[in-house]
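Shared between the two complexes below is subunit A, which pairs with subunit B and subunit C, respectively.
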Partner chain A sequence: MKESRLMLIQYATAVLALALVAAHLIMQGVILPYDTAISFNNILSIYQNWIYAGFLEALLVVVLVHGFNGLRIILHEWRQTAPWSRWVDLGTVAAVAVAVGYGTRTVILAVFGGVSG
Partner chain B sequence: MSLVGEERAKNKRGIWGWLNPYHYNLERWAYTFQRVTGVAVLLYLLGHLGDTSFFVGGPTGTGPSSSSWSFIGSIFENSFGHLILVLVVLVLTFHGVNGIRLILSEFGLIMKKPSGIEYPYRPKSLGSVQKSLVWVAIAAAVVAALWTYLVLFEGMG
Partner chain C sequence: MSEFKLAVQRFDPLTDAKPRLAEYTVPMREGMTVLDALLYARDYLDHSIALRFSCRQASCGSCGMKINGRPRLACYTQVEELGGEKVVAQPLDNFAIVKDLVTDLESFFTKHKQLMPYVLRSDAQELDHPTAEYLMKPEELKKVLQFTYCIKCGLCTSACPTVAMDVKFPGPQAMAQAYRYLMDERDEGGEKRLEALDTAHGVWRCHFAGSCSFVCPKGVDPALGIQLLRRHVLSGKAPRKQGEGAKVWSAPAGSTK
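Up next, the complex of A and B:
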């Protein structure tokens, strides 16, 4: 993918992340008291609401793409040899895939998994 | 090594170049902090991915587990963990607001028009709007961190 397109993705995910993270923080510390917000039952009710679960999945993807693409940009600024650039790009794709996969597993298990004590 | 290669090696400062304060203006400091806070937030994010997975029993879990969630809460829900969250909100807010400044300047919206070089050679890119937005980012970060402190340590919210 062209570097200019990757920068546009970086800016688009930045704006989206700003809105989603702000909403996440407001849900955790403003709408409900923090102790209630992080209680097991409250989080379970969040995951069992499809809109909230979708919101958390979108937050996960947006911040991870933005974060790892940002790290890729820093690493490209650091060194510019062709092998380095290739490995950084491959590493970024792999890191995003693994992290999104692990986070999505949490969301799927929270939504569909059986509750235990 | 060729002459060009030697010249390039001499001028190469790499990551450590970010942290050398010599001859830095406000914009350059904002550049450094944008990257340092970005890496810090990414590290926190990976940790947060790990701790939230304990809601479903951790890496080997199969579904929501209150005992696993209580276990991870007993590790992070204390003064030290809350202090980390205050610092995360501080750097996250700076990164977000300063990032908006960078996007605006990338699209040329808050850049001054190019002009001739005049003594004392102040960078034309760093206009009053840009400078103000850096300070807005710092102020927003402090206010957000203070709010988080009040929520976590004083029970507000």
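Up next, the complex of A and C:
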């Protein structure tokens, strides 16, 4: 993929992450009761809501893509040999895939009742 | 007559393990530039000081060096404007040192050439043997005028934090010139330039620190040029394609009209 496409993704995920994280914090800190916001049962009940679970999945993907792509950029600046660049690109794709897969697994388990109090 | 201390970084990579600062006492005179002071030191105090200079009027860009910690042209910097009683002259950062204040500019010019700093046309015959003098329209010239003032002194490249990290990064000078030719209405090589810039070490690696624009002795704003380039790279569209370059020209070559 061209670097300009990757940077477009980087900028788009940055804007999306801002909006999603802001919405998440508002939900947790303002709309829902703050004192129980990170209690196990409360989180589990949030995941039972399909819309909120989808929202959290989107947050997961956006933040991971933005974070790992940012790390890729830093690593490209750190060293410039061809093998290094190739491994950084491959490593980034693999890391995003593994992290998104693991996070999605958690969301799916929570949504479909694989996790219980 | 008042005097001031001139500290010059001395280093010969063939014989020295590390750089050192040598101090010279130079008599002050009104309007004295750092280049004048360095030439005084070289002519009367130490003949072995190595420095590069030529025009003495900020036109050639040869005497770029770090003066009191900031990249400047030695011929364009008066000792008085620096204040204090000591002037420290060091070679430009981000360049290999040949000797003392002389840096190796080869990679700088190589990167400059890689981005094709010249008008590219599809009509090669006309380009090599022009039948007329091709001129830009004044309103088109205004878009790139500031970038044509670049004297390739290397100060912007020396100040760039990305160049310090990424040896493949073309640097602010080369990219500002890429923008200058991309926007030239006579040019048809935009697609080639955008392709050369759209890499993992290309135009996207600029952090917009702005230090390139801050140190430019000619008032060029390379950081602006890079940001404007990004817009074209992101859209993937060159301002003109092959065969779309301006075909207007003035009087035939050699004519006085």
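Following the convention adopted for this analysis, the second predicted complex is superposed on the first by the 112 of 117 C-alpha atoms of A that agree within 3 Å, B and C clash if a C-alpha of one lies under 4 Å from a C-alpha of the other, contacts with A are read in each partner's own complex, and residues count from 1 in each chain.
Keep this in mind: a contact is a pair of C-beta atoms (placed from the backbone, for glycine too) under 8 Å apart; a residue touches a chain by one contact, two chains touch by 3 or more.
Predicted, not measured: the structure shown is a model, and the values here were computed from it.
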Touching A:L109, do we find subunit B (first), subunit C (second), both, or neither?
first
Is it subunit B or subunit C that touches the larger share of residues in subunit A?
B
Which partner does A:I9 reach: the first (subunit B), the second (subunit C), both, or neither?
neither
Does subunit B (first) or subunit C (second) touch A:A53, or do both, or does neither?
neither
Give one of first, second, both or neither to describe whether A:G29 is in contact with subunit B, with subunit C, with both, or with none.
first
Should A:W78 be classified as contacting the first partner (subunit B), the second (subunit C), both, or neither?
both
Shared contact residues on subunit A, subunit B side and subunit C side combined as an intersection?
7, 78
For the subunit A and subunit B complex, residues of the former touching the latter
7, 11, 14-15, 17-18, 21-22, 25, 29-30, 32-34, 38, 40, 43-44, 47, 60, 63-64, 67-68, 70-71, 74, 78-79, 99, 102-103, 105-106, 109-110, 112-117
Subunit A partner, complex, touching residues on subunit C are 162, 165-169, 198-202, 204-205, 233-234, 236
Subunit B residues within the subunit A interface of the complex
14-15, 35, 38-39, 41-42, 45-46, 49, 52-53, 55-57, 61-67, 69-70, 73, 77, 89, 92, 96, 99-100, 103, 106, 147-148, 151-152, 155, 157
Sort out for me which residues of subunit A touch subunit C in the complex.
2-4, 7-8, 73, 76-78, 80, 85
